[in-house]
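Both complexes shown next keep chain A, but they swap its partner, so chain B is in the first and chain C is in the second.
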Partner chain A sequence: MASDNVFVSPEDSVMTNLSPMDAVEPTVDELLDGALSPYLSDDQDGDSPFVNEDVTKLKHAWVNEKQAPDLLPYETQLVEDLTEMLQFIEALQGEDAGQPFTVMLYQTEVERIKYLLRSYLRTRLQKVERYAMFYSGSEEHLSRMSAGEQQYIHQYRGLFETHMTRTCLDKLPESLRALDETTGNIPWNDTAVVCRVQQDVGEISVTETETVEMRRDNIFLMPYQTVEKLLQSDQVVLL
Partner chain B sequence: MTSTKPTQQFTLPELEFLAEDTPITIIPTHRMDTLHFISGSYGPFQPPAHIEVPLWLARLLKTKRRCHIQAPTWLNCRFLERKYDEEQRQPDRFSNLPYQYLEIAHVLVTCAEDDIPQSHTIKRLIQDLREIRQSKARAGLAAVNPVYLQMDHLGAVELNEIRPVFCQAFNHLRKLEKDLGDYIVPSYEDTQSTTSYSNY
Partner chain C sequence: MLGDTAYKLAQETKRTQAHLTAYNESLVEQLCRETRHIFAQLEALLQKVNPALGRSVDTRAVAAQLAALHATAKRNKRCLLAYHHLRLQFLKSLFWSVGKIPDELKPQLSPQEQDFFSHYAVLVSQYKHPFVDIDLNASELPPRDLFIEVRVLKDCGEIQLEKGSLLLTRNSQHHVKRSDVEHLISQGLLQHIG
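After this line comes the complex of A and B, so read on.
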């Protein structure tokens, strides 16, 4: 590595200076302030202008969706944009194969994004199925779904009702046959989630008498309903 | 698809996947034009100029022997040793390490062992750090209360590990506190949460 140093450009020499092998040893604080910051959070802010944030956003959307007890609004624009990009790239590869090695690299990224998209959509469908009876009667939750999910929930509810009626409800007295929004699972918003604060929020009240100060990069275990608003405005992310 | 309670847990490969967008500095060994990915453009690759790419790309190039990986500034013996001392000196808090330090270290140590100086010592130090932090995290269970719990600098893997127990404890305490005020018949979802342990 030392022999390479002859060729490095000025920007690169900054990086080599940070290398632990060098004579100038940075203090722990310097390391933490400067070099560590890109690693402290999984965000890649402040990078070159060619970075497309959509993938990072979708990653957050997946993690948030997985952690939140209730269904979050569907990321229509994000999913649409990325799907379009994927189709474009795949069409491009069909026409012009290019170098096998670079094609393999592009293909790897395509697969990674597809995996992320699938994970995101599956996590949502899991919730949709579990709370099908409740969500299908709630305008607010239906508005958070994509057209596909709305269709899915109606069909699922239909199948569920037919199944329940055939297997057991028919055999029960009429007064016990009701099957409506209040039957089945209802999401419980008072459940604990872990979140990281993305920007200073200041004091928020956690009980009638207690407040807590939320600063950037703090990690909290809190009831979901306390952070729900902050999550919608991207001031916190779930972990 | 089953309609079991959706789990909040991530698997370790999922956590590794999430960490693989972390930027890593590499020294390419082959010349290559700029690569235009959906997530951004990287390049041109002109050896021996250093360049920053996401971890997944670095790993791919490394396994195809197209680059050397430069260990991140925190992945060296001195720094990790100091972090370990810090952990020992402050029994009630965690030292500041990258959120995904375990995943990143794992990927780098497995795919680029030859590029990381003293990789054996690093493995040992990471293991030591992990153990001391793990025991701290477990001791933290005593601090769980029904209002909130602050746990700064906890890593992704560590968090994922303690989450089931901590969240369950938190939810139960909250329910108990509420029930003290007014007795509430547990809803279906509440009774489920006590039995969903097997999901984890």
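After this line comes the complex of A and C, so read on.
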């Protein structure tokens, strides 16, 4: 997956930034240990991977959202935690500059997380707009949206309908004025997606007669609807 | 011929994919008129087959005519919606990439479309209000470097950076933090040079 490769994971990015340096320099862990501690809350260990876990989760959520044809449930907690963390880190950097080198590492990382977040939110907005007619009438999809997105879809639909009415629908005979054609625009859940299995799932049925065994780290290309359930329980991730 | 106007509009829609052409109000108007005319014809036809009038007509011929006219009316509507929808899509992508309507494009838009654009801008800004720190309009490309080299193409005066301020005069070159100047690059005031 190209878009997956573009973003370098936190661990990798540290490596690439350090690569010109020689082995005589302190190791990555030593460097990060000291630098991380001011940003960790008291109940965490100094080398706790707490920052990375959320970022990895966001990365998965982002790729899933990019690849899935349908809207996925909004990661309320994750987005909230990460925005809070970003604000926290930026506030800290104002007062405690630290070593210029580590500060730069952090700022680069912060920029990257911000990119992930905004791309995640944008991807969702694009889907919401595209299927506005369909989603705004479907309880199930509305429940997958954040409060902001629900407000957005409602207003967007209103805006869209007003525009269409004013430009052409009003001039048509009355029986043609309803906006029914666009409701035909629904996500196509048959689209093939590539997924990686995160944990052993066992046999699942692909067609009426066929089943496959999904083991951890297997990679499959299959219709989105087949993996939809597994995706929502985090048993697979899309690639 | 029946359906010709709709075909013209469909062709125009296809051209819109590459670049925005001027809003073709006369064609839209003409197509709407044609559709209304078709409906008048339909009603007249329905009157003809009304059994209460007791006239003998070939019902099969009338049925074929009805079906053809009805299909044309539906197709006209579809073409109209597609035309307007695609233009809105263009406007939206313009909003996300540039943030405003460039002056040279303004004459191409209908007043309703300009309205849509400003309402859309309000809508998006409402949505992103809770996300103070995240600039949703920023580039869709993942960031590679924290600092970038930029050349100033047009005078922008003094801008506020995270720390301090910077005077951007034309043709000067600066080494700045990417997130500070991203919006200026997308507006075409600065040029990113390596």
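Here is the rule we go by: the second predicted complex is superposed on the first by the 183 of 239 C-alpha atoms of A that agree within 3 Å, B and C clash if a C-alpha of one lies under 4 Å from a C-alpha of the other, contacts with A are read in each partner's own complex, and residues count from 1 in each chain.
Assume contacts are C-beta pairs under 8 Å (C-beta built on N, C-alpha and C of every residue); 3 or more make two chains touch, one makes a residue touch a chain.
Since the structure is predicted, the reported quantities are computational estimates derived from the model, not experimental observations.
With both structures placed on the common chain, the touch criterion links A:150 to neither chain B nor chain C. Of the two partner chains placed around the shared chain by superposition, chain C is the only one that A:173 touches, whereas chain B remains out of contact.
Contacts of A:125 after superposition: both chain B and chain C are touched. By the touch criterion defined above, A:117 lies against chain C but remains apart from chain B after alignment on the C-alpha atoms of chain A.
Look at A:164: by the touch rule set out above, it reaches chain C but stays clear of chain B.
After overlaying the two complexes on the shared chain, residue contacts for A:108 are found with chain B and with chain C alike. Applying the stated contact rule after C-alpha superposition, one finds that A:90 touches chain C and leaves chain B untouched. Within the superposed three-chain model, A:194 lies in touch with chain B and out of touch with chain C [touch as defined at top]. In the superposed model, A:221 makes contact with chain B only, not with chain C.
Touched residues of chain A, counted separately for chain B and chain C, are more numerous for B.
Overlap of the chain B and chain C contact sets on chain A: residues 7, 86, 108, 112, 115, 119, 122, 125, 129.
Taken together, the chain A residues at the contact with chain C in this complex read 6-7, 83, 86-87, 90, 104, 107-108, 111-112, 114-115, 117-119, 121-122, 125, 129, 148-149, 151-152, 155-156, 159-160, 163-164, 166-168, 171-173, 175-176, 179, 181-182.
In the complex of the two chains, the chain C residues touching chain A come out as 28-29, 32-33, 35-36, 39, 73-74, 77-78, 80-81, 84-85, 88, 92, 96, 110, 112-113, 115-116, 119-120, 123, 126-128, 130-136, 138, 140, 142-143, 145-146, 177-179. On the chain B side of its complex with chain A, the touching residues are 1, 3-6, 8, 10, 14, 17-23, 25, 27, 32, 35, 37-41, 48-50, 56-57, 60, 64, 68, 70-74, 76, 78-79, 82, 96, 98-101, 104, 117, 144, 147-154, 156, 159, 163, 166-167, 170-171, 174, 187-190, 192-193. The touching residues of chain A, when paired with chain B in their complex, are 1, 4, 7-9, 12, 15-16, 18-21, 25-26, 28, 31-32, 35-36, 38-42, 44, 47-48, 50-52, 54-56, 59, 63, 66-67, 82, 85-86, 89, 101-102, 105-106, 108-110, 112-113, 115, 119, 122-123, 125-127, 129-130, 184-188, 190-194, 206-207, 210, 212, 217-223, 226, 239.
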